[in-house]
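Each of the two complexes below includes chain A, the first together with chain B, the second together with chain C.
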Partner chain A sequence: MPTQTKSKPILEVEELSISFAQYTSGLRQSSLKVIADLSVSVCPGEIVAVVGSSGSGKSLLAHAILGILPGNAAISGSIRFAGQKLTAEYQEAIRGREIALIPQSVNYLDPLMQVGKQVRNAAKIARGSSPDRAAARKIQREAFARYNLAPEVERLLPFQLSGGMARRVLVATALVSSARLVIADEPTPGLDDAAVRETLGCFRELADQGRGVLLITHDIETALEIADRIAVFYAGTTVEVAPVQDFSGGGEALRHPYTKALWRSLPKNDFAPIPGFQPHPNALPEGCLFQPRCPMATPECTAGRPEMRAVREGMVRCIHAS
Partner chain B sequence: MGLVPFILKKLLRMAALLIALCILSFWLVSYSPLDPVQAYVGADMTRVSSEQSEMIAEYWGLNKPPLERFLHWGSAVLHGDLGTSMIFRRPVAEVIGERFMASLALMSTAWLLSGVLGFALGAVAGMKQGTWADRLIKWYCFTLASTPAFWLGLLLVMVFAVWLGWFPVGLGVPAGKLADDVTLANRIYHLILPALTLSILGVANVALHTRQKLVDVLASDYILFARARGEKGLQLFWRHGLRNVALPAVTIQFASISELIGGTVLAEQVFSYPGLGQATVQAGLRSDVPLLLGIVIFSALLVFVGNLAADIIYRVVDPRIRKGESA
Partner chain C sequence: MLLEASEIGFRYSKNQWVLRGVSVAIRSGEVVGLIGPSGCGKTTLGRILAGYERPHEGSVALDGKALPATGYHPVQLVFQHPEKAVNPRWRMRKTLAEGGGPDEQLLAALGIQEEWLSRWPNELSGGELQRFCVARALRPQTRFLIADEMTAMLDGITQAQIWHAVLDYARKQEMGVLVVSHEKSLINRLCTRVVDLTQFC
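Up next, the complex of A and B:
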């Protein structure tokens, strides 16, 4: 059920780069660029999935949007929320109110605090500083009921939750926040099929309430099932943003050679692995980042980094795409 | 494992440990180069004839072989009789009880003070990790961790008692005052310097531990998520930092009772404070075997109770263990 992008985007990330200061030998400082020129946008009511391989730094995108990167990270580019530039102060003001994070695992819950209380805290913060206990409790109970969490679950500690329950509690923290943008970071690993389906259903519901949902995942099949648009993340940047319908047949509608190869590598398609490996951030190739592995590469591809450009209903970073 | 079998197991281990400790101490004391008769008689030794010294040895059973003495002493202990102190000429249990009350005031003051202060310092250092405040606190702790108690005690006496004259140089009560006239204020006044010595030193352990734990907690995923939910500053520390850090701090503080006892022995010696520590030194120097062994048993029990309390608190207070058992 793809929503067309009629409304103005709630989140616009443009040319975002994140680098980390590192101390190499002795006191010599070098910086490692983990994300480079990443662009993606999310509209209200829409689920956009950023898909990339595990451990490629995708989570940093979420942390950058929320302004919770570690101190040695430097960012450039622009992030706009509801049309307004996200500065550190603005991020601090809207964190947990306008933007909610659904983290990866139960480890993100305080191990010594009952989960109901953690959800209530989220509800309180979202509603300004005056903590109305009764109201917060009501909101939390409704959210729990909504996600089929038994009333006694609110008194459990995180370690007592099953994987699926933990996931629903985490989603509940976003639901009670009434945030306009929900960022879900790797929400499905370690869950069985039923729990995955349930979680995805929760996301659809959040989107149908008019929120924008940014799903960050390594699991392209999950992403295809639920997202409206897919942003493909490769070697620290987005190489293509495509409507989910383009992922069909032999991938003819897709724009970037990497996306096509990724699509064909799925078990339900050719199951053909892409030769080679993604480059490490401190050993990036000349020109197009995909060029060493690209079957369509030409000499021009090494000349410079291709710009992100609009092709049909999507965006692509390839000079030969059409 | 439930709480009761857990405690039973601990008690059993304690008993085994105590027996081993008694044997070891007795064996060590029996090799002491000091002649207990001479230590008993003191400076008057020249006026004591060899027959008299024979009789003294006979009276205290000092001329019997060590094993026999040990068995004799051991069976008495099992009947609840710790024997009679040679230097105080009173039952050992009585001496320990009286001395312990004096030490208890000192130790508990120092224990509480160092616990609270150490936790606060550790919390500040952890929250302000990497700043000058953190570096200052760390420097303080590392310096203190390598400072001997008697040295610090002497320093405090020199500065506050001798130069500034704010506090008495030593003793537990004003010298020359009748026991009935001694007020609580007198006692507290005499307690401050030795308690301060012990607290200043005791801070390092808890502070460094709390700091490290807080640094770990602050780097944890759940703090990141709490920040993502808009929590910050003191609220963040109060809700998520404190709980997760306080538990290990309390445990550490209970487990540190053994070090406290060690420190007390030295501090009491420096301040001539009439507590258990001072009695220990006297008993050792004058070969008062019954008193020394009594104190050894007593302090071992004290350390054991401290460690047991730490274990029990951890199991009772930590909701993970508590709920894990009932679930």
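Up next, the complex of A and C:
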């Protein structure tokens, strides 16, 4: 269990950029920057949601933190865990112990291993080199009981689980790991209301135990229900980090024009879209990334990429925000 | 026009009915929501209405006549994952032409850029691909559209853009729409009527 105070972040990501080397024609290579200057932090006991459209590369953030990006990826910027810089060796040492990933789907479970055993393995890895089978079994059974998984479920194979059960098994692997940081990647699509509520409850519980939770999702309404802070992802970077209370009314408390537009586009609000689309990583506009679609844009907006700066309890990447 | 599914029964394995005795009717110009918990057969019902599956019991009729077995299907289905609904080895122009020549006005309404037409599917984002899937399904011969979690994976702005274009088109063409979604606020915003599959479970 963590001992830090609430104010000291467990995870600090600063100016993270990820690019991929690609072959264009023949042996010619080009590099495609998918994430640029992304900054976000998570404190113990806090749920931070990174919200962005699917396919925009936000899962790569999770993969970068865990050190499981493919070989043709290059990263720059810094990622610190509990104040210490995450190097490849450090990542390998703490992956599954200090940092746990709740992946997107049942596809991430071993299809040929009983799910109880998979959870026991996670418990063993978390406890280092002395695998005590009885202790691992006890931990796994407690975790199953907590998430309303019947005792006989431990002997099932992943394909025999419903979507909601599989999700609870995945959450259980994170619970038994005693990780101080839990990263959940798109945990809710395709689940019905009851299952969504149940999954979100699990995350709140993990956070209330003093862990930090980084929730990566495209579904802002889900994020608003449980997160403490929301980081809004646009065209490969975070344009705003705002406390969840700011998402209310007509969005007056929000800082970035994109966040305001996103808030107003929700079905429960105005359902009013703005025209245009998010720029591609290989065709980014001059200056501010949102400037071509922004109603507030001025000539200064094209001059350079705005820096992330603190505005009223949050962070924003816009020169006009106040 | 009236799209009518009556007393539909369907099962994927013996003795395990996914749908049984399900009846749904949609009129032209109507926007109907279809809701229900995971696994209750919403997608299966959509597939049956669009002719992807044949029901084991009951029938689907368009104005009292059976749905056509060949030629253009008047009930079109748009799936949740556009990347699984397009041929990865075709350029977008070819995919778009599958249903007939493109309707310039519709492409503009959906925000499809001329430059995207010469791209491969893996060079577009999910939101951009879904715009193509919608454009492909909206031909003049399409009388009903089944939107199965059509915008569940997209951001709010793209979701609103696509739905505004679809609803405008439906109004102009007197097309009926069945909206399959888990999202209550979206259903409330779009639909004039809601069918809850729980009642048939």
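We adopt the following convention: the second predicted complex is superposed on the first by the 316 of 322 C-alpha atoms of A that agree within 3 Å, B and C clash if a C-alpha of one lies under 4 Å from a C-alpha of the other, contacts with A are read in each partner's own complex, and residues count from 1 in each chain.
To be clear about the criterion, a contact is a pair of C-beta atoms (placed from the backbone, for glycine too) under 8 Å apart; a residue touches a chain by one contact, two chains touch by 3 or more.
Quick caveat, the model's predicted, so the values are computed rather than measured.
Visitor: Could you tell me whether chain B and chain C fit or clash when both sit on chain A in the superposition?
Guide: Overlaying the two complexes on chain A (C-alpha atoms) leaves chain C and chain B fitting together cleanly.
Visitor: Figure out whether A:95 sits in contact with chain B (first) or chain C (second), or with both, or with neither.
Guide: A:95 contacts chain B only, not chain C.
Visitor: Just to be sure I read the superposition right, which of the two partners does A:261 touch: chain B = first, chain C = second, or both, or neither?
Guide: A:261 contacts chain C only, not chain B.
Visitor: Return first, second, both or neither, reflecting whether A:9 touches chain B, chain C, both chains, or no partner chain.
Guide: It touches nothing on chain B or chain C.
Visitor: Go through the superposed model and pick first if A:236 touches only chain B, second if only chain C, both, or neither.
Guide: neither
Visitor: Taking the superposition as given, does A:306 touch the first partner, chain B, the second, chain C, both, or neither?
Guide: The answer is neither, since A:306 touches no partner chain.
Visitor: Does chain B (first) or chain C (second) touch A:273, or do both, or does neither?
Guide: In the superposed model, A:273 contacts chain C only, not chain B.
Visitor: With the two complexes superposed on chain A, say which partner A:314 touches: chain B (first), chain C (second), both, or neither.
Guide: In the superposition, A:314 touches no partner, neither chain B nor chain C.
Visitor: Quick one: angle from chain B through chain A to chain C, Cα centres, nearest 10°?
Guide: 70
Visitor: Between chain B and chain C, whom does A:187 touch in the aligned arrangement: first, second, both, or neither?
Guide: Touch status of A:187: no partner.
Visitor: Once superposed, minimum distance in angstrom between C-alpha atoms of chain B and those of chain C?
Guide: 11
Visitor: Shared contact residues on chain A, chain B side and chain C side combined as an intersection?
Guide: Touching chain B and chain C on chain A: no residues.
Visitor: Considering only the defined contacts, which chain B positions touch chain A in the complex?
Guide: 220-222, 224-232, 239-240, 243-244, 247, 318-320, 323-324, 327
Visitor: For the complex, give me every residue of chain A touching chain C.
Guide: It is residues 52-56, 162-164, 189-196, 218, 220-221, 261-263, 265-268, 271-278, 280 of chain A that touch chain C.
Visitor: In their shared complex, at which residues does chain C touch chain A?
Guide: 36-39, 80, 111, 113, 125-128, 149, 152-161, 163-164, 182-186, 188-190
Visitor: Which residues, counting only chain A, touch chain B once they are in their complex?
Guide: Listed in rising order, the residues of chain A that touch chain B are 63, 66, 68, 92, 95-97, 100-101, 103-105, 107-113, 121-122, 125-126, 156-157, 159-160, 173, 177.
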